[in-house]
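Consider the two complexes below, in which chain A is the common component and chain B and chain C are the respective partners.
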Partner chain A sequence: MSDVFQRRLKRRQRTSRIFELVCLLSTWFGLVVLVVLLTGLMLKATGTWDPTATGAAKATENWLTPTLLTNHMSSDPERAGMVASIWGTCWLILMTALLSVPVGLGAAVYLEEYAHENWVTRFIRLNIANLAGVPSIVFGILGLTAFVRMFGFFGDPTAIGVPLGFGMLKIPLPFGKSLLSGAFTLSLLILPIVIIASQEALRAVPQSIRHASLAIGATKWQTIWHQVLPASLPGVMTGIILALSRAIGETAPIIVVGAASYIRFNPGNIERMSELVTKVDGLLLVPSSQYTVMPLQIYNWVLNSPDPEFKNVASAAIVVLLAILLLMNGIAVYIRNHFSKRLDW
Partner chain B sequence: MVTTAAIIFVLLSESIFGLGDSVAFFQEVSLWHFLTDTKWAPQYGEGEFGILPLLVGTMWVTGIAALIGIPFGLATAVYLSEYASPRTRRIIKPLLEILAGIPTVVYGYFALVFITPLVIEPVAGFFGIPVDTFNAVSAGLVVGIMIIPMVSSLSEDVLRAVPRGLREAGYALGATRFDVSVKVVVPAALSGILASFLLAISRALGETMAVNIAGGIRPTLTANPFEQICTMTSNIVAMAGSDAPAGSVQYQSIYAVALSLFAITFAMNVLSQFILNKYREVYQ
Partner chain C sequence: MELRTFDNLIAQRSEEPEVKPESGKQVAKSPATNPIKVETRNLDFFYGPLQALFGISMAMPEKSVTALIGPSGCGKSTYLRTLNRMNDIVEGTHIHGEVMVDSEDIYSSQVDVVELRKKVGMVFQKSNPFPKSIFDNIAFGPRIGGQRNKKELEEIVVRSLKQAALWDEVKDRLHSSALAMSGGQQQRLCIARTLATNPEVILMDEPASALDPASTSRIEDLIFELKKNYTIIIVTHNMQQAARVSDFTAFFYQGRLIEFGTTRDLFTTPKEKQTEDYITGRFG
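Our next item is the complex of A and B:
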């Protein structure tokens, strides 16, 4: 009797160990893929080794050169650069952040601090959760209809001028294929993420802080503005940075909303950092100008280029993009760790 | 507040406008033809608008992606929650997050440049199957890898939420780790796990760029995954970037396809919420 039991026990223990091995290998699969992808990319971009080079060893060049960052597109792979897309990405992300952060944070504050627990609030929460799961290209379609063409309200394109101190900011209506459309679309895309992350950050602030502030006579708004928001700031910033880094990599909605495929000028014709302050009229042209972004540039180089050599240029561009993303995520992690050490309750 | 109104507006206007402009579309092409025609070739002459090739393409890619992403993701989740030490977990989780954070164009590039020549062609060549440069298998493979982190982190959260008491009761009865994991913990967390599967699948459905680069843009109705296919998402991108004039039937077809896509993903999201709420076992 115990003999049968011993045999069965051994078999079950063997199954358990095999299962553990299977799970371990599965975990490693994902990681191994990541490592292979990144090293293959680096090797191809710097020209050290190209496993897919056919025939003559064409891939011994280093494609990760400074000219990549400073030149515009050209039909010669050696001279092609991605400066227009870098500027485009920077402007786009800046405008997206300006649009989505106040709105998202405001919505989070409302939902956490002010809203009553009724069916309206529940409906709103449900919508936010659903929107977070909608594919990005659907946002692109929405942006196309709502911003680029504005539902066809404006038959002929007009523009409204907003006088700022140093010049006139022209906002075209409908937005057309400009940075404005892209920024609005992307901010709609990341708005659910920003809202949810900010909600979590606000929730993490202990109630005792709020109660203490109210107890000494502060109003609700004072409590929020002076106590809760500063306390939740690290979490909120982490969430914003992560949302923006997601926005950087989004290509599909940008294509649908009309980013240009072949563009040889920076938005507003601003070529150097110094021109940001000197070329004011260029600065005012930025929101209405056409643009391209880094992932789109990569996509074009991979698929739509005449010369297959461009795939190597694309690999170098990917390295640049990943470096920027890594930097942003690193900043987010640093902020999270640094501030969570200071405020520990 | 304005923000919340904007959100509801977004949800509704998408359907209405998919519908509004698509009504123009559906006036030209009957709904029946849309759903059952087997060719999708808007640019040729009169234009044929059957959505079946696009649907089949989407199904191929999503199916292969699910076949890869779900088992690996679940196994990873089980390993992280049941077997791994806290130190291992602290190393692996950020790595998986990096995997999730890579933009999809990069995955598409990877599929086109590395996976198809180096992985698929040797394997298929071994069996004597011809492989297109753009094919469904490499697109599905890459999307599957993309959703592994999603399945694993969502499932792991659910698995960890199962109270220790259940596991310890299992061990006390003499069960092995395998027994406890598979027969106690996973069934307890099943609703959350299923919900995470559905979310991952809906993400795979909506995946655009990687599929575009790896799978191609020629819609074919085929049972051969090694051929080039075009998914609904790829098609939208291709049409939007093309020269079709606004207001024409070709252009409006974007909205029709987008509406179908939205309907499918929305239904899956709602279903996953429903499953999560209905079958959740509440512990104290």
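Our next item is the complex of A and C:
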């Protein structure tokens, strides 16, 4: 081995190590920033240490209390709680999921399994990709026109009743400033994400599975329903959870579509988990109910409150929001891992 | 058992004595006298504008094994896939001529492709079990055909696994994942899965090419057993395999059927020079 070779080899190895270091630093940088933010937040919320506090005594108070989760809004920061916004967020996300998942998954199945490759299909794909990048406020204005006001089609607000087995579901027309408007708007917002992620998941299922199923005498639909969709489940779930995580944090479109700034009741007046099954008439009122969501609540406490103490309450509320987000993602990762264990091709 | 090598088998077949009827037993018929199960007449096949098969006319008797041999790209797999209309999945394909199963043209508009594929099953080159349990893999065919009775499904699964010589190895773990098996076992699972729909014809596209010699010989034993009840058409790159298992052999070259006859005749006294060149290894 010549001298020149040895020198060059050492240089290549050094470059390799530097590159590895750069990648490591990039990863850790993001993580460190996140940890610093979260720690600062937790310290402020629990009153351990607050560098921005004015006034002596109240600065070290713990704002992350159980009453934060059970009380309604109040003008007194010590009694203020966010229960209405927690329920509002949960209902909103549930309804958004119910609307966007079937439509998004259906669109993805059509595009991947049934559509022929022609200019129409290409046009559709292009548009979906574009919509994924549209600013959310645009969806807010769309929602305001199409769902809250329904283009002025209904002069006086009316309502239709949908008879379900256990009662009558009231749907106001136009939707007005209800959970329905919010859910439909957010569904449109996250639909492109759901479609694209589902498409990728469907594409990842090997063709050999489809061929095997067809060769046994299954129809195309049976193949998709029994083999392709179950096999694509981990990828689809990941996409749905990512999309819903984004939806949870959207504030601008929600404000435009009429989430309330000051509200002291839960949608359908359902206060406890047990009331979900007992208070059926409340359940039926949920879609038409007014609501607020956690990001909006936080925004109001930070910027729109007369009492500057509310900023600390806001910190605590942010911790709650992040905790719920973490819980959602944790569940998603668990579900995904559980299903992908069975699929090691 | 004696190793079934190329030379052994050819020698064996040349000396095959006539089977004498014993009391109560049926005479083993030579497959050549069986009624025709699958037949193509002047089959032309097109991938869009590109013609892949030229005027293939061939008749395969029932309960026999026909091997399709030939160099890569000669159209054997394409031909095989026309027999259960798996080529319909590819866009832009069409045929001229007729493909008959049980004297019925399978490309006529009255034929239900789904029913056809239950009757004419297919085993692929690379085993493709579903990412489900062994039981669910085999029960899939009967289930989508409408069979809901648990007991009957169990019976079908057990029967198919026994026919595919896989029962003893997996009887304790029917509900474990099919993907956890070895390559040879997975391929036998695919065969069991095909058998579960009670087909009459089984198409095999190089079923053992991805397997080790031990698994390969097990599959070949299996084919030998299965031909008593099913018509088998097998594509193979391996001429020795063709000689070992098949009753009839067809030699394809560049989309054309060069020669078709009993395995013994084709390998010992080929009529066409191209056939002889391929068999003796001068090309391919």
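Going forward, the second predicted complex is superposed on the first by the 307 of 345 C-alpha atoms of A that agree within 3 Å, B and C clash if a C-alpha of one lies under 4 Å from a C-alpha of the other, contacts with A are read in each partner's own complex, and residues count from 1 in each chain.
The rule we apply is simple: a contact is a pair of C-beta atoms (placed from the backbone, for glycine too) under 8 Å apart; a residue touches a chain by one contact, two chains touch by 3 or more.
Computed from a prediction, not measured in an experiment: that's the story for all the values here.
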| item | value |
| --- | --- |
| Three-chain arrangement built on chain A, chain B and chain C clash or fit | fit |
| First, second, both or neither for A:Ser178, with chain B first and chain C second | neither |
| First, second, both or neither for A:Thr27, with chain B first and chain C second | first |
| Of chain C and chain B, partner touching more chain A residues | B |
| First, second, both or neither for A:Ser136, with chain B first and chain C second | first |
| Contacts of A:Gly217 with chain B and chain C, given as first, second, both or neither | second |
| Partner chain(s) touched by A:Ala231 [first = chain B, second = chain C, both, neither] | second |
| Distance in angstrom between the closest Cα atoms of chain C and chain B, superposition on A | 21 |
| Doubly contacted chain A residues - partners chain C and chain B | none |
| Chain B - residues contacting chain A, complex | 1-4, 6-8, 10-11, 13-14, 17-18, 21, 71-72, 75-76, 78-80, 82-84, 92, 95-96, 98-99, 101-106, 108-110, 112-114, 117-118, 145, 148-149, 152, 176-179, 181-182, 199, 202-203, 205-209, 212-213, 233, 236-237, 240-241, 246, 254-255, 258, 261-262, 265-266, 269-270, 273 |
| Complex contacts: residues of chain A adjacent to chain B | 12-13, 15-16, 19-20, 22-24, 26-27, 29-31, 33-34, 36-37, 40-41, 44, 51-52, 103-104, 106-107, 110, 124, 126-131, 133-138, 140-142, 144-146, 149, 151, 188, 191-192, 195, 245-246, 248-252, 255-256, 258, 261, 295, 298-299, 302-303, 311, 314-315, 318, 321-322, 325, 329 |
| For the chain C and chain A complex, residues of the former touching the latter | 84, 86, 89, 91, 114-118, 121-122, 124, 126, 128-132, 140-141, 144-145, 177, 179, 190, 193-194, 197 |
| Touch list for chain A against partner chain C, complex | 116, 206, 208-209, 211-219, 222, 226-227, 230-231, 342-345 |
